[in-house]
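Next, two complexes with subunit A in common: one pairs it with subunit B, the other with subunit C.
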Partner chain A sequence: MKSNSAILWAIAIVIVILGIVYFSKPGPEAPATPMEGEAAFEIPDGPIVLGAMDPLTGEGAVYGIPLQNATMLAVNEINAAGGVKGHQLQLVWEDSKCNPQDGGAAAQKLIEVDKVSFIISGDCSGAALAAATLTEPAGVMLFSAAASSPDLSTAGDLVFRSYPSDAMAGRVIASYVIKQLSVKKVAVISEQTDYAQGLRGSFTTASKEFGAEVVGDETYNTGDTDFRTQILKLKSVSPDSLYVVPQTPVTGVQILKQLKESGFKAVILVSDTMLGSDTISQNKALYADVYSPTPELDASRPVTKRFLDNFQAAYDHAPEFPAYMAAAYDQVYMLKDAFEKVGIDQKAVRDWLYEVENWPGALGDTSFDQYGDPIIGYHIKHVVNGEQQDLGAYTP
Partner chain B sequence: MWIIAQIFINAIIAGSVYALVASGLTFIYATSRIFHLAHGVVILFGAYIFHFVWVEQGLSPALGVLFSILGSVAIGLLMNELVYEQQRKRHAKRLAYLISTIALLMLGTSSIILIFNTSLKSFNIQTTVYRFDQLNITLMQIILIVISCFLLLILSAVVKYTKFGKAMRATSDNDEVASIMGINTRQIRRLSFGIGSLLAAVAGILIGLEFNIDPNMGVYLAIKGFTAMVIGGVGSIGGAIFGAFLVGFFEQIAVWYFGAGWKNSIAFVLLFFFLLLRPRGIFGLKRFR
Partner chain C sequence: MFAFLIYILTLICIYSIIVMSLNLAMGYTGLVNFGHIGLLGVGAYTSAILTTKFDVSFIFAITFAAILCALIGALLSIPSRKIKDDYFALLTLGFLFVSGAVFINWTDMTRGTLGIRGIVRPEGFAEPISFFVLTFIMSLVTFFILEKVTNSPFGRVLEAIRDDEQVAESLGKNIDRAKMVAMTLSGFFVGIAGVFMAHFIRFINPASFWLDPLVISLAAVVIGGLASLRGSILGVILVFTISESLRFLSLPSTMIGPMRVILFMIVLLVVILFRPKGIIGRADLD
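Showing the complex of A and B:
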């Protein structure tokens, strides 16, 4: 009897504590921003703290660190010029390691421990998709500069990106190789990650639509280093063109090497993850003759020129992944403009972003479609013996 | 036809690496009766040290090989002295060894990540490609196969013809009787860990040069080496080598017919069937328990 009442007491206490915790939590709705007028909102005193996640270690660091540098360049510029209406921007960095597990953990930490309302990320698609499953229910805005998987379009209402979706990239390169280079049989080799599978999907669908035959479709696991059997299989179906879609350039270079060793003959296409200037200059012989779709920076635009010049001045070298990095630079300025216009309420910022038209960014004039994806055109890059050539804008 | 021949060549390349791993494991198992799965990280340390000395420090590759061998042997010996011998002193059961070797494997992988970080390391060397009609093989691959065969031959000769080999086989048969007969079994175990780890360093260097290295490879190498050892017949070096080529061959077949997702699981499938149908392996002795 005695132990029974003890249990009842314990349960009652637990319920009371849970109740207190539940009701003491602030409601999910932040105080509504008053409509109309510039001074209708107030930014609380002190710095504006934003969450930031990039792959800072591991293979993804090849672009994670450059993206972090581009983001910090924008943040430092804004802070040096007086911040956002007098408030300094402050970033809390987390390492997403370019995989869903660590991406989810990074987002969770930023949401629950640092209590941020905005997360900017220069992340791999897998990490960003995992983060989106946490940010969306928490009412946190996720703004990505590099995650390009088509799946991110529908990942949530508060999910935006400043880099275009791969739904377009796969289509652009398929159209180019089939219509301009008169290729009939295409093949693809892709890594088993969200990013690579997204591109693989848009490329194969578009290839069939443009009348080519997809004769080979091989995949490999992250961490694999031996691709000989896949290459052998691709060789046996003799495609006219092969699209190489790795998550990171290190693996991509290994594939190019083994393709070369096997005497593989076809038009080689690569994804934009392989366009790092360092990677290309270190492997000139492997980048003998490859094509890739990428948004191209137009240095004649004042914003773009400012980004390129300031980056060179700050880091003493040109941006390694210009398109991704311009997107990372843009996203900080875009948020700054939004904060100055509508305050730091996520929903107000979302509405502002949907409404912007031809916002002048380093990557190009940016408008968002209904999914929060920017509408930006692609160029075709042709790399010949390590030299990058721009073949101009291309629309399928 | 050329496709089958090329698959065969690819299988031999992978197989000769696995053979080095499996024979190192067998060598260690023979004297200590431990399935030394942490051998996987000893291999990785060899590869990482080689990469560090040659690529990151820019020293000569010969120095890289030297440091790599010294490092791996030191790590192998330390594992034996600090963990296995301590357990042996306390008359540990076999299961205890198995648990501690798995712990060492995980500890080793984490240490590699801490010291060398998670990124894939590449040597980025390209050697001449020899083509015979549609078939091709690179100079690096030929070197890999030759070195591995050469080492394995030496190893078999050592076991068969030297006094140490005799003492080793005696220890392997029955270590109590061997020590009564005046064989210092502890010393023999040390030697076999040393030689096994030396093979590991060579395997690591070759794997690095041919396939690149990443910190999670240790686990897969240990599993593939272990599978090769069980398939061939535990305790038989010839068996381990045969088993290694079988694993290499089935891996390539798996990728060809079922896709790359099956590549790493095929070792488990093989292991399962052998444990079920022929637990003592192809060349295994009947008296092996």
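Showing the complex of A and C:
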């Protein structure tokens, strides 16, 4: 009987919590979707409610919170300037925790409870892919700024992203090193994360396509600090060029250090996570002669300058991950432009996005391919003794 | 709102299976098994690979996955003959790390960190509501089978092992076999839960079977109470109700993530403070 009263207590607690939640929550805002088939130019009264999901806690928060800040910056700017045709933008935030289960729950809540038609997300690929299985059948647009897995390209018709797929970066650098630097044998060392594996995949595929031989392909687990076994193996096959793909710069620097110690001689390529200006200035000796592809983030462009300056003014520090955060910032402005041109119907916005050409964003001039992936010009950066040189735009 | 509720209820049913089977090993038998989530992953990956790569039926996949996990559970019980208590917990934690490393590195099969997508729900159960009914029935079946096992004389042997192994042995009970049976059953059911998880979310990657689900499961066992199946279900319901209802609190956007975690932990602490054995728990772990 003691356990029975405990069950009753627990049920009572649950009911009370549910009750508080039910009564404390204001009724759902006027749904942001107009009736289907209606002329899309009518925007219903009241704010335009958008869903937003980022990893706000856990490991992914390292990226999630800066991306949230960049998104909020754009929203605040737009609202301060009078909103979208007089309608304020309002975001409902959810924490996706960077894993599929919570990504799914977050998306489901945004779709069903908040009745949003658009979800913008600065999410890990895993959470975004799980969310896409729910948003696509529900007719909700998922617009991601950070998920770079090539799988997302085919995740659905209403799935877009403002940061290029890994498939692009790997291809660009493979093409550059093979065609411009006449390299015949390439090798790659990559971390076991979805981002790094995506790059490794596109780099090796593109290298073979451009006629080079992939002589070495080593991986390591997140958290490893000793790479001498892999380096020894790579050295034995003597590649002309080695592509280093870590998830975070700390590990990447470690690899560069051990490559140098082992006397490894090859053209070193790195992924754009290694291009942080702090990282380079602290490790000038290691960045003796290194190439990397990176989306153009050209501070001389007015949009880019506005993003960088306003971010500095709002948060009192420079953006932590400039390229990703510029993508998150662009996302909001892109939706604003779409809403102003075609209204807030998802399909109309989708068509507008497919048609847009060289949309001037902070990350660069953006167009979308048939998968909803942005076509953004890549620049090749050449770092010589810690000094970054921009070799200009490069298309494979 | 309805579809969101169904989503959460389906998760609750899946986690009920996970937590009940964990309780069989941990609450009834006294084997603290951190590797439980590793087994969950083995079940999920087995079914995902079988159905996406080899095109087998859901029934075959779930049977194969459950038997495989039962076998691994049986293997995991073998060291428990020599390694006790905290050391056994550490050993099973090792299993979690090993299974995680396999999911990440066996890229030909698991696609590594890119994860497996395109997992489909079984035929006739593609709709969220029908899949929920299927999951609900499965969790009821699990409950009744485990209820039968734990209320049988064999269940009392398990509890005797938890309370004092030597006494149980001196009474002529085969404790090694009993532990093995408990771990096998535990593995069998968590394997089934893994299959349901994979086909419910329809995308799995190594992060799906790492520390997050472990924390949720352990919290549910402790809140609900050790050695009580009803407690396990109650624990899962409470954990999900609390954490999901926090989504509805209006908080400033910069505080949403951390505040939810803090509030969740405060509620957990309060439960533990007032009910140290869990809500309807009957046992303590040393």
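Everything below uses one rule, namely that the second predicted complex is superposed on the first by the 273 of 396 C-alpha atoms of A that agree within 3 Å, B and C clash if a C-alpha of one lies under 4 Å from a C-alpha of the other, contacts with A are read in each partner's own complex, and residues count from 1 in each chain.
Convention: a residue touches a chain if its C-beta (ideal position, glycine included) is under 8 Å from a C-beta of that chain, and two chains touch if they have at least 3 such contacts.
Here the structure is a predicted model, which means the values were calculated and not measured.
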So, does A:Gly104 touch the first partner subunit B, the second partner subunit C, both, or neither?
second
With both complexes overlaid on chain A, does A:Gln90 touch subunit B (first), subunit C (second), both or neither?
neither
Give the label of whichever partner, subunit B or subunit C, reaches more residues of subunit A.
C
After the superposition on A, what does A:Gln346 contact: first (subunit B), second (subunit C), both or neither?
neither
Under the stated touch criterion, which partner chain does A:Gly126 make contact with: subunit B (first), subunit C (second), both, or neither?
second
Taking the superposition as given, does A:Val113 touch the first partner, subunit B, the second, subunit C, both, or neither?
second
Contact-wise, after the overlay, does A:Gln192 reach subunit B, subunit C, both or neither (first, second, both, neither)?
both
Looking at the overlay, what does A:Gln254 touch: subunit B (first), subunit C (second), both, or neither?
first
Give one of first, second, both or neither to describe whether A:Met72 is in contact with subunit B, with subunit C, with both, or with none.
second
Between subunit B (first) and subunit C (second), which, if any, makes contact with A:Gln388: first, second, both or neither?
neither
Note: overlapping subunit A surface for subunit B and subunit C spans 57-58, 61, 97, 192, 219, 221
Partner subunit B, residues of subunit A touching it in the complex
57-59, 61-62, 97, 192, 218-221, 223-226, 228-230, 232-233, 236, 248, 250-251, 253-254, 257, 260-263, 282-283, 285
If we count contacts the way the header does, which residues on subunit A are in touch with subunit C in the complex?
3, 6-7, 9-10, 13-14, 17-18, 21, 24-25, 56-58, 61, 64-65, 68, 72, 91, 93-95, 97-102, 104-105, 108-109, 111-113, 124-126, 129-130, 133, 149, 151, 155, 192-194, 196-198, 219, 221
Could you pull out which subunit B residues touch subunit A in their complex?
3, 6-7, 10, 13-14, 117-120, 122, 124, 126, 129, 131, 134, 136, 138, 211-212, 214, 216-217, 252, 255-256, 259-261, 263-264
For a test of understanding, state which residues of subunit C touch subunit A in their complex under the given definition.
1-4, 7-8, 11, 101, 104-105, 107, 112-115, 117, 197, 201-205, 207-208, 210, 212-213, 228, 230, 234, 237-238, 241-242, 244-245, 247-250, 253-254, 256-258, 260-261, 275, 279-280
